Amino acid sequence: MVLFLAVTVVTYVIFYVTPSDPARLAAGQGATPEDVQRVAERLHLDEPVWEQYGRFLWQLVGEQSLGESFVNRQDVNDIVLRAAPVTGALVFGGAIFWLTLSIPIGIISALRPRSLIDRAGMVFVLIGLSAHPVWIGLIFAYFIGYKLELTPITGYADFFNPSQEHGGPVQWAYHMILPWSTFAILFAALYVRLIRANVMETMNEDFVRTARAKGAPESQVIRSHVLRNSMLPIVTILGMDIALALGGAIFTESIYSLPGLGRQVLQSYENFDLPVIQGIVVFSTLCIIVFNLIVDLLYAVVDPRIRLT
Amino acid sequence: MAVLEVSDLRTSFRTDDGVVKAVDGVSFSVERGKTLGIVGESGCGKSVTCLSIMGLNNRQNTISSGEARFNGENLLEMSSRKLRTLRGNEIAMIFQDPMTSLNPVHTIGRQLVEAVMLHRDVTKRDARLRALELLKAVGIPRADRRIDDYPHQFSGGMRQRVMIAMALINEPDLLLADEPTTALDVTTQAQILSLMTSLQEEFETAIIMITHDLGVVAEIADDVVVMYAGKVAEEGTVDEIFTRPYHPYTWGLLGSLPRLDADLDRLVQIQGSPPSLLNPPRGCRFHPRCPYVMNVCRSVVPELLPVSHSPQHLQACHLDEETKDQEVQKLLEGTLAEAS
Amino acid sequence: MSEDLLVVDDLAMHFPVTRGIVFQKQVASVKAVDGISFTVKQGETLGVVGESGCGKSTMARCLMRLLDPTSGRITFAGRDITHLTRTEMRPIRRELMMIFQDPYASLNQRKRVGFIVAEALQVHKIGTPAEVKRRVQELLDVVGLNPEHYNRFPHEFSGGQRQRIGVARALAVNPKLIVCDEPVSALDVSVQAQILNLLKDLQRDFGLTYVFIAHDLNVVRHISDRVLVMYLGKIAEIAERDLLYAQPKHPYTGALLSAVPIPNPELGRLRRAIVLEGDVPNPIDPPEGCRFHPRCPRFRPGHCDVEEPQLRAFGAGHGAACHYPLERWPMSGEEIRRADEEAVAAG
């Protein structure tokens, strides 16, 4: 609750500190000063900041509404809810992608340090960490999308409502492959390194030695003793990363023209569309809070030491 | 009848700085129902010796040679698969730190059952019954409820008991115990040692007890091996080693102990510190710290030879027996020359 | 007649256990030290012995005023230091120094040895830089290190040598009292002997007073004049060293003495240890009445679990807190129980 209030207040303050004139922008080009004044009144921009903030909170709590966009008077709720699933698909799909990629590589690298696989994995990590997602996105879009024509370059296909000529699950996935890969590479690189380090460290733990001393075959040692213990820290970090990513996978959405929250934020920012920005901030904060909760609960499930306290 | 016979065991580790000769020619044997104490300070190779016997060293950078004959077969030349059937079954090992030696995310019941199921073709239910049996045998109160608890719900002493239960669950012929009581309080240590001796009586298990504590050795060992810098300095029965030790290092060790049963003004100090095993001293490894050093000690490695009046008692030192007898006298009188 | 250098009166240190995220409510307290009193005379060594959870380390920190005692009084060199502020404690810290257990962790790895030893001198602004340097070299020599190693870093020294550096550091300002918190527990046996000999020599040469904390009864016996046995935050027994080891009155002391392994196989075989039941308990929830009663072989229901025994005198300076102290020593576990039954039968 405190976090929530803090975040929204900060957004408001920042907004009002930056020099801008949303009323004029909203009124459009060629508006007369009177038009601007009228717009300003309409959007309550002529009121003192704290009144506007109060109005915002009242609206939120009482009407569950995030207000209306300065730019096109659309319901912010709608805007956010339309964009959220796109970002959601990107992030969650990307998360599955990067986990499927990083877990095996991380584990194998740890089990066979300095082998060819391990070294290849490390090169991959280096590239993943150093290359900017935008650059990767462009490269991917160019080679795989354009040159090889394996996947569409941009655009989003709605999962549930097939519209126009593309839609439905297959098309959806098809369109998402590139964005997922781009989004995931950075995280995959981080996770490979993390998993590798964790697994290697766990392998040296005393209880692993005990398991071997009992005569367990190596596969059982790994499966039963090493994996679960080395994955514990991953759970916490995963929760945090997803929460952050939801806030705006900005770069990836821009490259691939995916109508998600990230792109929305960029647009709204350019237009000084406060309600939308505020709406997205509210939504993201909510997500982070919820996710942290889920992670905490998950951690208690996975690690019995946490359960009893 | 010997359960384990070790001859000329050598284990080296390849490290970035070079080859570390952690164990350099160690030989001893353990009889059924008896306890062998391997005593020495940190870095002397006592732990590595036992890990080598069990084959638990990191395969990638370890070179082991020599023999460790268990019931006739050389463990060091055994295939991993065969070795695994023995580990936890006929040869078991318990470690120093009970806090970290148990998997924190599995119940102890599950870990015990795993120990059984690895080597016995029984149902999970029978394995669990067996686990309960052992938990009771090692003195865990309310075992039927505690079997489903996690390691962190037990105290240090209790955890060590669980480790002992896990090690003995398949009735091994040989138990290797690597400093099992070092991390425990002294009253808990007394409990654990008492438990181990009574279980030994019941199952006739041979025990190798590694420790740096000469008091513990005196209490429970039948035979003793004193190690220094990867080699055996002296070995014999516990009475021989404590009443007629024949190696300057042993004298130093015994003399440096503050004790309840003697009044010493000054403790014997062994000057210097244990050597690096990357580049051990030439000749006798103890010579840089030995107050009785002679020229031969600096160049010739002393062999492990029997003492004239007691062939079971072996020692590796160039010093003649007469001088040794004199020094032993001094030690017993508490007037041993200081090494500094 | 030696002066009382340190007087501790009913010292208690309780750590609150709180619940709640925003509004913290105290639900329990860890009574690490719960009412102990003793004195230490100038020039003597008081050994403090006990197992984990007994409170000896917490007590050490209270003595050094690294903690703020919950209640009680600490008088050092005639002055009440219990609740002095940091500034007020400053000049007193010159006379009250500490040596720590872990030679690897207690020295700042990034500072040179010369700096580490000289730090106290510099804090208290004693001596010119030249004098300080000379003093440091003198100290390094006194503790058996090479004065030329002034400029080396801790990692270039072995464990035993690092502990010597710790000792030099404590000596730098000529303290009156040094609290040694398990200074040899982390060292190998042969190195342990070096440090113990050193501490004894220094005591003789500089007239130092020690409070020596350890869990090893052998070590404590070697270096102490008087010994204090702690159990779960309270004093079980306190006596002159020889008396404590020869005629312990408290069953816990008896159990400790019989549990300590002696490097003498014959004696070891003859001895029948008093093996205690159960584990060393948790100071959050100490047992009612006598804290030792759940593990005591002399436990008398109705008395020991109801009334807490006070420290009783058994001759000069010998106190034990027990309702049924040991009549003689040595006694084995069975003998202790039997003696108790006889006492019951006798009425």
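Should a chain be cited, it is by its letter among A, B and C, assigned in written order, with residues numbered from 1 in that chain.
Note that a contact is a pair of C-beta atoms (placed from the backbone, for glycine too) under 8 Å apart; a residue touches a chain by one contact, two chains touch by 3 or more.
Keep in mind the model is a prediction, meaning the values are calculated, not measured.
Compared with chain B, the chain whose C-alpha mean position is the greatest distance off is A. Between the chains B-C lie more C-beta contact pairs than between any other two chains.
The geometric centre of chain A is 55 Å away from that of chain C, both derived from CA atoms. Measuring from the averaged C-alpha position of chain B to that of chain C gives a distance of 31 Å.
Shared interface positions of chain A, i.e. residues touching 2 or more other chains, are not present. Residue positions of chain B touching 2 or more other chains: there are none.
Chain B makes touch with chain A in their complex at residues 54, 56, 84-89, 92-93, 95, 97, 100-107, 114-115, 118-119, 150, 152-153, 163, 166.
By the touch criterion stated above, chain A contacts chain B in their complex at residues 205-207, 209-217, 224-225, 228-229, 232, 302-305, 308.
Residues 51-52, 158, 160-161, 188-194, 196-197, 200, 215-219, 221-223, 245, 255-268, 273, 275-276, 279-280 of chain C are the ones that touch chain B when the two sit in their complex. Residue ranges of chain B in contact with chain C, taken from their complex: 41-42, 155, 157-158, 185-191, 193-194, 212-219, 238-239, 242-243, 252-261, 264, 266-270, 273-274.
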